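There are two complexes below, and they share chain A, which is joined by chain B in the first and by chain C in the second.
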Partner chain A sequence: MANIQEKITKLFPDATFEEGEILLVNIPDAKWHDLAKCLKEDADLHFDYLVTIVGMDWKDKFGCVYYLRSTTDNVQISVKVTTEDRENPMLHSVSDVWNIATVYEREVYDFFGIIFINNPDMRRLFLSIDWKGYPLRKDYDMSPENNPVPRENERQEDVTYTYVENENGKVEKKTITLFEPNDFVVNIGPQHPATHGVLRFRTAVDGETIKKIDFYSGYIHRGIEKLCEGLTYPQTLHFMDRMDYFSGHHYHHALCMVYEKALGIEISRRAQVIRVLMDELARIASHCLFLGTYCMDLGATTMLFYTLRVREQILDIMERTCGARMTFNYGCIGGVMQDLHPDFVKDVKALLAVLPANIKEYNKLFIGNVIAKGRLENVGSLSREDAISYGVTGPSGRASGWACDVRKTHPYSIYGELDFEEVVYTEGDSMSRTKLRIAEMEQSARIIEQLIDNIPEGEYCVKVPKVIKLPAGHWFQMVEGCRGVFGVYIESDGGTSPARLKLAPPCLPLANVVDHLTRGSKIADLITIGGSLDYIVPDIDR
Partner chain B sequence: MEVTTKSMPYEAWKDNEYIEQLVEELKANGTNVIVGSFDKLINWGRSNSIWPLTFATSCCGIEFVSLGAARYDMARFGWEVARSSPRQADFMMVAGTIVHRMAPVMRRLYDQLAEPKYVIATGSCAISGGPFRNSYHVVKGIDEIVPVDVYLPGCPPRPEAMIYAIMQLSRKMKVEKFFGGVNRKEKIEEFLAAHPEESYD
Partner chain C sequence: MYDLSVITNWIHELLLSVMPGWLATTVECVAIGVALLLVYALLALFYIYFERKVCAAFQCRLGPNRVGPMGLLQSFADMFKMLIKEVIRLKHIDRFLFALAPYLVIIASMLSFAVLPWGNGLQILDFNIGIFFLIAVSSIGVLGILLAGWSSNNKFTLIGALRSGAQMVSYELSIGLSVLTMVAFAGTMSVTGIVEEQKDLWFIFSGHIPAIIAFVIYLIAGTAETNRGPFDLPEAESELTAGYHTEYSGIHFGFFYLAEYLNLFIVSGVATLLFFGGWMPLHIPGWDGFNAVMDFIPSVVWFIGKAIALSFVIIWFKWTFPRLRIDQLLNLEWKYLLPINLFNLVLMVLVIVYGLHF
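Our next item is the complex of A and B:
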């Protein structure tokens, strides 16, 4: 840390630093683009992965907090850039440094109205072009009369805007058309069985070849981040089940950990083991459903019945303990909601006994299938560099050779003590993404095997104050969800509800990379590629 | 007022006043002997092959997938033919939150369904906005946009509950008058008059 600080000070004397769990660099906006370039390209620093951009409204000023990670030595750093102009807030874009910044900056623009100079695509991301106001600003008017439920079709524009600085330092707005005049644009979604929810792709095609995809989101944007600002800390937890509804346990885990970190609560080992067990069970269930629905997208209905057999068995185990099939709401601040069901160990052992045979069957039925091979191999290949630049994490990132598993890079809970492998493939095509998920199921089973006989005795939830108040400050926590890295940023002003809760989902980058992956491939491959990335739309939109 | 189903005795239905009243309303004007028999025949067929539109925005949709799989197996009831095109479907299971951007799209899907059409509001989000009711971007219940036949509570409802809801819908179909009466149609027209049609270019 110290030498990073020295190095930055030498190059950028304006930078100031705040020590914390992650080093925070304050930099004036004018220098930010140079610093970003330096942070990424310098061989010693090499912060090549932009985890997330947190837009902020501190009432007196707007700003962004950038979370960066180096993929060589996994060091993390955060950078804060602010502007005091409330009328016309502007910051410099870093979309040319990290590809994923383009869409993250669009999100910040949508929520806070901060314009990013030089970002090639300054449109709103989730809300319609006629939306009045920027919802995550503290002075946003929430009254429904302001933005009534639309009765008519949404107004569409085929252009996007970019803001560039001219020689005099004045910012000009420029219009860019999204598609060429002779492009044939096919609309895929929002109501389409293979988009995995209500996502829309505006696809420019030349015959059957895809030229460009404009990914259009917001059909399930529920404003969870804004809602959380009006709720107490324990109340915010239940939203975690409803974003990526397969990673409910993981997301709960992340948010609980960040609160516990802020409060300085040490949870019992029993609670930690239970959380990890649930995480891994959920991972198996999620990958099972992925395989089933993916095959259904490709036209093979039978597989769904095979994979859902295991998933239902896992859901039964969870239901007995948590009381629900999908929205468990099991993690709580200080541990878990209730103790394990008496039959939990027996049920899990029964699952572990049948799992290997099932996995073998999946491999035989699908992976070894000639048609599957023909449709998946060498389709939608993603290189390691692109995976990092586009922020594609989770199984999709690991299939491209990027070892990005948070359980290994920044072990949380008890993952550091567990013996499991991080499966990494190098091909990066749809087939390797599919195979990797099956291999991960085996690894998850391995983790469960290690823990199931050694669930320690103790309390499942430590005593926490009835009214939870976080001290003023900010915290960040990442976990490995089923689809990739899930990050939570929390800022507290010392009250009973968060001043800002930013959820950084893994699925937004996954949907964003579809355009890059499908260019030049056939339109049928769009389904293959989109399915293999396995994004969950409510997770993109939040 | 009794509507019989082979698979379930009348006492097992957790009926409420609303349903009793609805059945009474549907049966109010008496039945013509000839037309009524045709109605009975057609309704018997219709109520046993209700085809859903695959329409899911969030969590409830996954439970709908479970409903289609082997364990809950909706094929037993003749509902398994989930159609992706609204023109081929009989009813729409609105599974998940409907937000502002989605609202006109959903209305359009509803308009595209062929008559006679039905809507089941699945889960608390579709009924009232659920946990997201206070949000700036969420529709507070889909009955603002389309007429709803069955409300199915839960977050998400279990597949068993979904079976119950669709069975209720099929009971409703059984007492409708397809030929003579227009009692159902009137209701939709009334609703559509109150919620004007969107303008298509």
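Our next item is the complex of A and C:
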């Protein structure tokens, strides 16, 4: 940590530092782009993975906090860049350093109105293009007259904007058309069987070949981050089931951990074991459903039922303990909501008994099928460099050879003591993404096997204060969801509700990389690639 | 084997005795038309039920089981729903072609339906180039699909129609060549003639290797020709929603739906005719007792039973395999099936010339 600080000070004397759980670098906007380049390209630093960009409004100034991670030694660092101009806030873009920054900066622009100079695509990301105001600004006027419920079709634009500095240092707005005039643009979505939700791909095709995809989201944007600012801390937990609805347990786990970290609460070993068990059961269920729906997308409908068989069994286990099959709402600050069902151990053992036979069947039926091989192998190959630059984490990132499992890189809860392997493949194609998920199911089963016979006695939830107030400060926590790294950033001003809660979901980068992967492929490959990335739309839109 | 032409001749005589010849022919035509439509509709309903039950069994489900005993009336209920549904009038479409397309598709399948050898003496159209006629009329269907996709004025239907055009034109080659192989073996194009040739032994047995190759290719190409999985690209649900018939509703959609199931029957029927002896019972040379017992089963049962058994195989494909991609589909045809087929035709000719068959 110290030598990173020394190195940055030597190159950028303007930088100031704040120690914390993660080193925070303050840098003026003018130097930010140079620092970003240096952070990424310097062989010793090598911060090549941009975890997230947190847009912030501190009332006196706007700014962004960039969370960066090095993929060589998994060191984390955060960088804070601010601007005091409230009328026309502008920062320099780092979209040329990390590809994923393009879309993260769009999100910040959408919510805070901060313009990023040199970002090639400065459109809103989630809100409609006629939306007035920037909702996450602290002085945003929420009155419904400003943005009445639209009675007409949403206005559409085929252009995007970019802001560039000319020689005099003045910023100019430029218009770029998305598609060429003669392009045959097919609208795949928002209502389409293969987008797995209301997501839209405007696809320019030449015959069956895809030329370009413009990814368009926000149809089910609910403004969870904004809503959370008006709720108490325990209330914010309930949204975690409603983003990636298969990773509800993981997301609860993340938010609970960040609150517990802030409050200094130590939870019981029993609660930790229960949380990990639930996480891994949910991971198996999620990967099962992935496999089933993926095969269905490819036309092999029957596989869906074979995978749902296992998932049903897991949902039954969940139902008995959590009382729900979908929105479990099980984690709470201090532990979990209620104790395990008396039959839990028996049910889980029954599941573990049938799982290997089912996995064998999936491999035989689908992975070994000659048509499936033809459809999946060498389709949508993502290199390791691109996976990192586009922030593609989770099973999709690991299929490209990037060992990005947070359970291994930054072990949380009791994962450090467990014996399991991080499955990493190197091909990066759709086939390896599919196979990797099946292999992960086996590893999750291995974790459950280790824990199921020694669930310690103890309280499932420790006593916490009735009114929860976080001390002033900020915290960041990551967990490994079913689809990748889920990050939570929380900033508190000492009150009963968060000043800023930023959720960094794994699915936004996954949907964003579709354009890069599909160029030059066939329309059918869009379904293959999109399916193998396994994004969940409510997770993108939040 | 009881010759059903006795009955048809008797009806003909009966009609002639009460009315002039031209009227008798007209009455017969109408009666056959009505009977054909009836069989057509009933078979389609049966197939919808059959496919649902088969796929349910593959998928560890029960399938339809609420309407009527064992869900038998489910497809009737669905048919009535389809009939009373509104035919939605769309703007910005080519009205005439849009309305014409489903009729072209259904006419194509109905005409091919008429050529099938239903039973001993039960051919509706029986002339010396029956097989040739069948291939010709079944090609009209692709026209209907292309028109449907084009006239809907929708990008999804257009892509579906173009895929369909490419696919059907390609696979017709394979169908044509494998049929040609069998026609060469039979030595006749007449449907009755081909069935008669298989009196002692079905072609799949007597033609051995080349016949089996031709059969496998025919089955693959036939599945592709009917746009069924794994070759259902023109209506690939997860890619093109419903492909060329996305914009159709009510009875017009019903026509496409019916034609799809009937094409399945026709493809299996033609396979039955060419490889499994049409309505001929299973005869094994030398086993006279066995052959006599087989003769007691009516010829209509033989034909429909064999066709349904073959359809089962095609349905099995659909519920097992994932879908191919368009380039893989065309590769399969042009790089593999077509050369194998040409080679197989030569092989068949050699087998015939040197009398290497049974």
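By definition in this document, the second predicted complex is superposed on the first by the 542 of 542 C-alpha atoms of A that agree within 3 Å, B and C clash if a C-alpha of one lies under 4 Å from a C-alpha of the other, contacts with A are read in each partner's own complex, and residues count from 1 in each chain.
Here is the rule we use: a contact is a pair of C-beta atoms (placed from the backbone, for glycine too) under 8 Å apart; a residue touches a chain by one contact, two chains touch by 3 or more.
All values reported here derive from a predicted model rather than from experimental measurement.
By the touch criterion stated above, A:D297 is placed in contact with chain C alone, chain B being left untouched.
Contacts of A:L352 after superposition on the shared chain: neither chain B nor chain C is touched.
In the overlay built on the shared chain, the residue A:E154 is in contact with chain B alone; chain C does not reach it.
Residue contacts after overlaying the shared chain place A:R375 against chain C, while chain B stays out of touching range. In the superposition on chain A, A:F184 makes contact with chain C only, not with chain B. By the touch criterion defined above, A:I220 lies against chain B but remains apart from chain C after alignment on the C-alpha atoms of chain A.
After superposition on the shared chain, chain A has more residues touched by B, the comparison being chain B against chain C. Within the superposed three-chain model, A:M142 lies in touch with chain B and out of touch with chain C [touch as defined at top]. In the superposition on chain A, contact is made by A:I523 with chain C only, not with chain B. Applying the stated contact rule after C-alpha superposition, one finds that A:Y245 touches chain B and leaves chain C untouched. On chain A, the surface touched by chain B in one complex and the surface touched by chain C in the other have residues 192-193, 304-305, 309 in common. Residue ranges of chain B in contact with chain A, taken from their complex: 54-59, 61-63, 65-66, 68-71, 84, 86, 96-97, 99-105, 107-109, 131-132, 134-139, 144-145, 155-156, 158, 195-196, 198-201. Residues of chain A touching chain B in their complex: 126-128, 135, 140, 142, 147, 149-154, 190-193, 197-198, 218-224, 226-227, 230, 238-239, 241-242, 245-246, 289, 292-293, 304-305, 308-309, 312, 325-327, 537-538.
Here chain C touches chain A in the complex through residues 55, 58-61, 155-156, 159, 162-163, 229-230, 232-233, 236-239, 241, 319-328, going by the rule given at the top.
Chain A contributes residues 184, 186-187, 192-194, 205, 207-208, 295-302, 304-306, 309, 366, 369, 371-372, 374-375, 522-527 to its touches with chain C in the complex.
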